[in-house]
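Each of the next two complexes has subunit A plus one more chain, namely subunit B in the first and subunit C in the second.
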Partner chain A sequence: MTCALPKKTQSQWATFARSWFLIDARMQPPGKIASMCSVRLQGKHKPIYHPLSDIGDHVVVMNTRHIAFSGNKWEQKVYSSHTGYPGSFKQLTAAQMHKKDPTAIIKLAVYGMLPKNLTRRTMMQRLHLFPDDVLPEDILKNLTEELPQPREIPRKLSEYTQEERNAFPMLWTPPEDYRMK
Partner chain B sequence: MTARGTPSRFLQSVLHNGVGRYVCQLKRISLIFSKKGQGSLGVRDFIEEGVVDFAKNNPGTVVYISPQSCRIPKIVAEYLNGNVKEETVTNKASQEIAELITKLSNQSGLDIIRIRKPFHTDSPSIQGQWHPFTNRPPRLCIVFIL
Partner chain C sequence: MAACRALVSRAVLPLHYHHVCRGVMLTHIREKKRWMKAYTLIMERKRKMEGPPPPKPRSQQPNFDYHAEVEAFSARLQESFSLELLKTAFVNVCYLRSEEERRRALGLDLETTTLNLKDNGELCVHGQQFTKAFLSDWCRGSFPSLPQEGVAAIVGHLTGSEVMCHVARNLAVEDLTMSAEFPVPDEILQGTFFAVIGALEQSSGSVRAGLFIRDFLVTQLIVKDLFDMWKVVDPMGLLVKELTCKGIALPEPRLIRSAGASTVLPLYFVGLYSDRKLLAQGPGETVLAAEEEAARVALRKLYGFTENRRPWDYTAPHEQLQKPSAQALTSE
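Up next is the complex of A and B:
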């Protein structure tokens, strides 16, 4: 990083560098992913933050196809849109929206969490969403940091070894002729 | 005019003057006046009374008295950094001229324009300027390229 810049400009140039963050959204709630994205797109994770300064970073989200809504939101959460023409009120459930476009849910969530001003569109341009874990080479080269996932993924029963299953404490031992439903 | 249209500079001192010995920044002061004009009356009175005391009090400043046939009397102050300041003193009283000369001797030669910030430091950061990798554990900077 030693260039022919005087010492003060050189240290200031590093301060205003734009980083590229990577988030893996597999089995994560899209709202938590979106709030992490919006914090970094605005630049609120930096001590030099100012709303007019345009110091947000780039955020790359991969595996958006495999996000996990909690509860019954896949069927109950409704995304509505209206183009303004009569008869064009569309309502899509989260599942239908996800099938149509696997990146749309996170995109709309981040869009709603950013400040509602003219800088929002520039910040959305710095958000990069990919449905699977295949990332283009130029983006892979730019990444600086991977952020930890917000939700701890619980293990499936098939992922536990037999020893762990045996070691798990039993509340009561059923008699031999007991029939489990 | 607006602040953007007029020139501006940052706060500075000439070679950290005053940290060690204070050096008077006024190099040369020339009083240009006429021997018989009405406007130079105040200058002539000042030369009679106050100039010699001023010159004795400021040994680092050279005082030039030049009577010429001129319509408007002037005081030309030259500073160590090369700036030249001209003030016309037509119809000014001797007292006012004395005050003006003390003001010029107290100034440094820097331009009198808008100062962008009322503070300046050569060491803006003590603990080191923040950059995106301060306070981040180095473990987090490993990215698994799939």
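Up next is the complex of A and C:
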């Protein structure tokens, strides 16, 4: 039993413990999610950070199927790969990649944001991606904290009530016979 | 000479260079001595076999004048000791016995050569009582809510042989003690230090002695945690007792945070709430360990022994210490 440990040991245990963070990626830009993940996987959010210390935390990302690229990136962003053999240059748009594997976009984004050294693979092992919000029980038990989403999700017009729509100020009142397209 | 100075800067000297003592180096530059290598290797082998030489007391090393050292001891501590009392304080019973036996063994006539030295038994007892009383008063004064067992534990720790011997060795009391064996055993060194404090009290008064104890023993508390010195087996029970005495609601433990519950290195933070307000929170490897740590943190807060408490002001003059026993009497 660890009950009789001196105080310094107990507070050190708390300082060096590995936390488990949860991020909901619904309607979020994958780049912002990936930068939050990479900061916590490296341990840069802790004052005891050192690149050799291996004090990164676990990050669990859910709803990766529902990420939202801004602009036309679903059609314009291209993920390329080449196995080295002739004729094996593949280029996939983000939409095709997402259809094939809903976690791949965030995984590649985080991989590119981590430091390019041997610790990167260990940090990627601590990243857990789930396409929907169904999480396995043991991961649910481990979670410490949910992080706030980086982007505020705008409400759809169908989510506004009729009162709010009526209360919204109009720039000009159209005449009776004005036809709105 | 430049060549030999360059060689001296190496960690291990080459074969024909010897340090005779500090500041003197012998260099066999004229011709290489053929016996040097064999001699050096044999001496090294002998040293490795026998191990390091036994420590010699400072009184048997060169340049030692006992009277001058005792005066220097008193001057170094900026205290005016009466030198006879101080010299008596350093003499132990075992030394007297061993001296008498040695004189008897040498065949000297006991009547003509009696030792005129008194031993430090009385001074030791006196010093011990004064130190314990002073430390208890100081503890009770600076931590008013600490219970009797806590005060006794702190005083016991500070007057225990580890701390006292550490302080005594660094104040050079060990060099001046006269005892039968060397290195001086811990209990004898502790007794000698108590005797020194007793001698100080009788020479300069209890105020100066109190300041001495404050400056040398109380400072040993600086980085220490309360429960390192005071072994409490059931902190939760003690906390419940304290809170019922004060009339505050009993603590309810609640799990505040957890991390990695199904891994091999879990962490739990448990908070203790009394009447819906947070008393203290503590981390732990299991929920029970975290609850116990939270109880300890709450006790530390109650007794005022936290890490971020205001440190004791050692620069203040002795007004705070004036008649501490009288203060304790008047407060009770």
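By our rule, the second predicted complex is superposed on the first by the 179 of 181 C-alpha atoms of A that agree within 3 Å, B and C clash if a C-alpha of one lies under 4 Å from a C-alpha of the other, contacts with A are read in each partner's own complex, and residues count from 1 in each chain.
Convention: contacts are C-beta pairs under 8 Å (C-beta built on N, C-alpha and C of every residue); 3 or more make two chains touch, one makes a residue touch a chain.
Keep in mind that this is a model prediction, so the values were computed, not measured.
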{"item": "Fit-or-clash call for subunit B and subunit C when the two complexes are aligned on subunit A", "value": "clash"}
{"item": "Which of subunit B and subunit C A:I48 touches, first, second, both or neither", "value": "first"}
{"item": "First, second, both or neither for A:D133, with subunit B first and subunit C second", "value": "first"}
{"item": "Which superposed partner A:L157 touches (first subunit B, second subunit C, both, neither)", "value": "neither"}
{"item": "Which of subunit B and subunit C A:A14 touches, first, second, both or neither", "value": "both"}
{"item": "Touching partner for A:L171 - first (subunit B), second (subunit C), both, neither", "value": "neither"}
{"item": "Which superposed partner A:L118 touches (first subunit B, second subunit C, both, neither)", "value": "neither"}
{"item": "Which of subunit B and subunit C A:N142 touches, first, second, both or neither", "value": "second"}
{"item": "Superposed model, subunit C segment overlapping subunit B, candidates 59-67, 203-211 or 293-301", "value": "59-67"}
{"item": "Residues of subunit A that lie at the interface with subunit B and also at the interface with subunit C", "value": "8, 11, 14, 17, 19, 144-145"}
{"item": "Contact set on subunit C toward subunit A in their complex", "value": "225, 227-228, 257-263, 265, 267, 269, 282-286, 288-289, 292-293, 296"}
{"item": "Subunit A residues within the subunit B interface of the complex", "value": "8, 11-12, 14-15, 17, 19, 22, 46-48, 133-135, 140, 143-146"}
{"item": "Subunit A-facing residues of subunit B, complex", "value": "124-125, 128-132, 136, 140-146"}
{"item": "Complex contacts: residues of subunit A adjacent to subunit C", "value": "1-3, 5-8, 10-11, 13-14, 17-20, 58, 138, 141-142, 144-145"}
